[in-house]
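Multiple structures follow.
There are two complexes below, and they share chain A, which is joined by chain B in the first and by chain C in the second.
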Partner chain A sequence: MFKLKVSDAKLLRDMATAISILVDEATFQITPESLKLRAMDPSRVAMVDFEWPKTVFEEYMCNQPTKMCINISELLKLLRRVGKDEAVELALDEKTGRLQVKITGKYTRNFTMPTLEASEEEVPTPKITFNVRAKATTEGLRQAIEDAELVSDHVRIEADNEKLVFQATGDLMGATIEIKKGSDALLDLEAKETSKATFSLSYLSEIIKAASATSDIATLEFSSDMPIKIDFQQSKDGKLTFYLAPRIETA
Partner chain B sequence: MTHTEMYYSEIAEAYEKIEATTKRLEMTDLLVNLLKNTPKEIIDKVVYLTQGKIYPDFVKLEIGVAERLAIKALAHASGRRESEIEEDLKKSGDIGETAQKFTAQKRQVTFFQKPLTVQKVYETFDKMAKASGAGAVDTKIMLLAGLLADATPKEAKYIMRTVTGNLRLGIADMTVLDALAIAYGGGKEARELIERAYNISSDLGRVAKVVAEKGLDGIKKFQVIVGEPIRPMLAERLSSPEEILEKLGGKCIAEYKYDGERVQAHKEGEEIKLFSRRLEDISDQYPDAVELLKRHVLAKDAILEGECVAIDPDTGEMRPFQELMHRRRKYEIEKAMEEYPISLFMFDALYVDGKDLTLKPYPVRRKALEKVVKEGDRVKIAKHIITSDVKELEKFFLEAIEDGCEGLVCKSVAADSVYQAGARGWLWIKYKRDYKSEMTDTVDLVVVGAFHGRGRRAGTYGALLLAAYNPESDTFETVTKCGTGFTDEDLAKLPKTLKPHVIPHKHPRVNSIIAADVWLEPKIVLEILGAEITLSPIHTCAMNVIRQGSGLAIRFPRFTGNYRLDKAAEDATTTNEITEMYQKQLKKIAES
Partner chain C sequence: MSRLVLLHWARKSLGVNLRDLVPKITVKLEDLNGKSIAIDAYNALYQFLAIIRQPDGTPLKDSSGRITSHLSGLLYRTSNLVELGIKPIYVFDGVPPTLKEVEIKRRVKAKEEALIKYEQALKEGKIEEARMYAQATSRLKDYMADDSKHLLDLMGVPWIQAPSEGEAQAAHIVKRGDADYCASQDYDSLLFGAPKLVRNVTISGRRKLPGKNVYIEVEPEIVELEQILKECGITYEQLVDVGILVGTDFNPEGVKGLGPKTALKLIKEHGSLENALPYLKDAEFPVDPKKIREIFLNPKVTDNYRIEWKEPDVEGVINFICRERDFSEDRVRKALEKMQKGTLKLKGKTTLEKWFG
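On to the complex of A and B.
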């Protein structure tokens, strides 16, 4: 049994949008302390790690840990109907096994939606030693990614202690986007060693676009030819982190 | 991994070996091995998969992945560009080969790979088949990409071939039955029993599961289930009534062989499903047939067989089979229903309210059918006679042809005349024509009688009795009954046009066996186009000229709209001309 009330419905909608980039059916864990989800996309290329402690909510009630799986795009359809200054309440009807979505504002709307069989798959967080740590504005990252997308479908991210470089090479065109330490877009940069890794732009761009609605600042961590971790700083106590596996680039 | 699980790689390896052999026996052996190694709980799924499917044929769902979509999924899973994949596919011509190659050379790293189980693959295929609505295409791509992410190159090859409908291992249903008999039935001798179970269920998966879990005892108790089509019994063919009667022991039930689509109707309470001869669910093509059967089948549950025939909406006459093709569409079925209405002619009852009739002789099944079908305008029991007379059979045959049928089906009335599901045997014998005479030119015929219209044509005439002129005897001999081709305006005017010529009895110069509702003085000449000229016992045109006891008739006649006001009745096409047309155009019918 749980009942979770979010006063800022837009925040919930943006979060659900970010999660929906990777998964259709999302299995959430609701514990007395927090709402969380860790999931991998069906191709096992990207992973999302999300957590909202109870302090994010206006009301939070959960008497025992519960797993709940829902179709996230169906939930999004409802959340898109939410107006400004409206609150959303999520509760599980234990009798019917359905999720009740209550939207309160000028008037009250009650929706119900089915819950699905929860996934039993445990998704571990990757244990990786990161050599680069870069703190950047999500706006700056978006621009760099959009530039790279003009010429290719993948991008090499390279960093040393001076700069963060996005390099894309297409069949005909190429692009190099360089962000120097101390620029407005790059707030911090540490590199134990010069590192570079290549990633799929379709994943990167969708993740960054969706997550930047929830966050202005992101921390990138990566090492040569290893997965990248992108942590989107949340205004409240929440956590939204993505991991993306690299591509192998032959000559 | 529990004992009920199985790795997909085992299936992929079996596929590879099966693909490499051309010998049926070797293929059977390989299949026997695979089935023996399959956990019984999932043997049905494995059987469907070996046939490149996930359900029995009569289930309408398909995985349905177009090549374009498969390329997208492969690009996603391998991190390669769609253009690279397309280029390779052009060379290989096989999406399986291409998937194998690109899976071996992935650019995209994944967090981990989990060996694919048969269950996982099957469930994913099942989800893909059931995906519907706006996001269905994306859902399918992501599900397929997910499978490919975990697949080995070899597995990717077979997954891709399966989802695109290109598995084609060439394992026939009969090979699966052989393999099941050897693997779980104790040997090849069990094949006959297992085959019967298949013939009454059309579901290889269910048969496999029953024989694997319950052995031959289970198979012996196998029952017909409403909703699972019974494989149709087929007829042999002979071309003379003498041979037919001899083969059937001197006596038979002869039925019209309607020129329509054979349907097997399954009624379960209020729900009705129609299956085609090839066991496809065609209920959506015939919503009117579904409605008719709801009203005309008196049993709660039943499996009945009949022929669905296109009819002329105005005259109620049967139209050729081709017109039913207008029903083979997904959209605007309502419109097709109006323009191409159908009638049902029922001929067999295989199951009625809990009773499996398939092992009962045909006369018993027909009795059951007559009891359970309430006949009406558009639902009838197939027209039939019981006969042991060659002449009577021949006459009935010609009537059938003229009424727009293909011929007759003559059925055994013996004690052993069971429903031989899935078999072609001598209990049913088709009697079709060897020759037909197609018409290419129009003829000018004289109106000698008329029939009252019904329904939309109430108040005017529904059809006209037409005759050709015989100058030798100076008589008019009937050759066809025509109600097609008249515009609404023509129809409205008919009573007025014909009125001056109405006479109280048949005109002395008219030679007719058919009794018209209204007789007319032979005056008005119409231009008519027919499909063919056929022998007829009921039309008098050229009677006894071609064959003793038969005249000639025009099949599927249509008024061209042209009143030959310039012609007197004696200027109409002569009976000799029609005889010549018949002889000139006579061609052997190629066996279809």
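On to the complex of A and C.
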């Protein structure tokens, strides 16, 4: 038996959107304590690590741990229909294997959707020693990424103890976006050593745009030519973290 | 016609016979990872058409009777190369030089004869023999080249249209540093000045010997022009002259009775083709040998090409070869998945798996 209720339907929708950036079929781990998902995109370049403890929900009921796989874009179609002050309830009917989606506001809407075969894959945590830790506003990151996207499809992120630099080089144009320590966009910056790594802008931009809806502040952690970890701080309890593998030009 | 004669045809049609002069290094296909390879497209397509056949020699066909052996070879071999991190570029022949007419006529005639033998063998129920003759009947039709280019586009693999000889263009691309190797079964690329040639790229693996129930392991061979010239003690221009004496696509017969070793000795002794000819009274050429040399030294090539590897358009490939040409969707999807892993490598992309430890 699994059932939950979220009074902030927008938050649920934004979270589902952020997950849908990387996965179509999302397998959630459901335990009495929390709702979790950890999955990679099909090309295994990026990973999303999501967890909502039961405190996030208005109601949360789970008797025993289980897995539930749903088509996240199908769920999103329903969630897009949810208005501002409406609540969403999800309930898994284990007999029929269908998920009931109940939207309550001025009136009540009941949808059902199928669940899919859950993925058995256990996605491990990448083992990385991070040399840079930068806490920035998601708005600042979004601007930097949008600037870089004007000229290229990849961006080099570089940091020392003074500044965080986004450098994009395209066929014709180039862009350098520098965010200094102490500026409004950069709340904190620690670098054990100067580090730089290059990432695909299509991934970075989709992740940052979607996750910004759930979060105002993000912590970037990276090292030279290693995956970047971006943790989007959640206002309620809960975790939304992405990992993105780098591009290594000499590989 | 005996099998021996047939095999002789097969060898003759593989361009200049420099085998005995060429020092080669055998490598594994995976050792070529990260290398870009300009593949002689027609040479590869002919191989696919010859090899990819049913036991009795019938080529693969779709439900409307169109031959698909070349597409099968191109898809599976290319995805295999890309998966290994190899960057293929296919170079297609353009208009052949008019000097090649003799060779082209000879090939057409050979194929017609092989076709008669094939039908005869089939009638007599000699399956092994039929398959062998069938391989020699392979003809590359225009629609096959068009199909192949279309498939490569969908797969995100670059191809280049040569103004004339594909091998000359491939050699030119390697000379300019835009690719690491030429790939062809022929040694002609070397006569076109290719610094590095790799053979067997499109057929490596377990191969059946023609006419026998014996399998051998075919491995890529790397041949370097510099190395040949050093070992033979000649210049590149002199190597071209040796090639002409032995026989090229423009004078398939060469000088009768003259093998590579004797030809080399003659050119070293006399310095050049012109100086050696007076000592070869019986030498006959279908065309002026100086013109042949000119084709190798100054071939018609173009600098107007673009080499870019893209991600495969999976649904596009499926639509084309599964929906239109009746390939198995399962197999094609698997091949493309492997290929996608490779394209990540090509673009310097990494996957998170590398850091799972």
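The rule we apply is simple: the second predicted complex is superposed on the first by the 249 of 251 C-alpha atoms of A that agree within 3 Å, B and C clash if a C-alpha of one lies under 4 Å from a C-alpha of the other, contacts with A are read in each partner's own complex, and residues count from 1 in each chain.
Criterion: a contact is a pair of C-beta atoms (placed from the backbone, for glycine too) under 8 Å apart; a residue touches a chain by one contact, two chains touch by 3 or more.
From a predicted model like this one, the values you see are computed outputs, not experimental measurements.
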Superposed partners chain B and chain C on chain A - clash or fit: clash
Touched partner set for A:62, first chain B, second chain C, both or neither: neither
Partner chain(s) touched by A:127 [first = chain B, second = chain C, both, neither]: second
Which of chain B and chain C A:227 touches, first, second, both or neither: both
Chain B versus chain C as contact partner of A:247, first or second or both or neither: both
Chain B versus chain C as contact partner of A:4, first or second or both or neither: neither
First, second, both or neither for A:157, with chain B first and chain C second: neither
Doubly contacted residues of chain A, that is, touched by chain B and again by chain C: 40, 43-45, 47, 126, 200, 227, 243, 245-249
In the complex, chain A residues that touch chain B: 24, 40-45, 47, 73, 126, 153-154, 200, 227, 243, 245-249
For the chain A and chain C complex, residues of the former touching the latter: 40, 43-47, 124, 126-128, 198, 200, 226-227, 243, 245-251
Chain C residues touching chain A - in the complex, by the definition given at the top: 340, 344-345, 347-357
Residue numbers on chain B that touch chain A, as the complex places them: 76-77, 79, 81, 106-113, 135, 139, 142-143, 145-146, 148-150
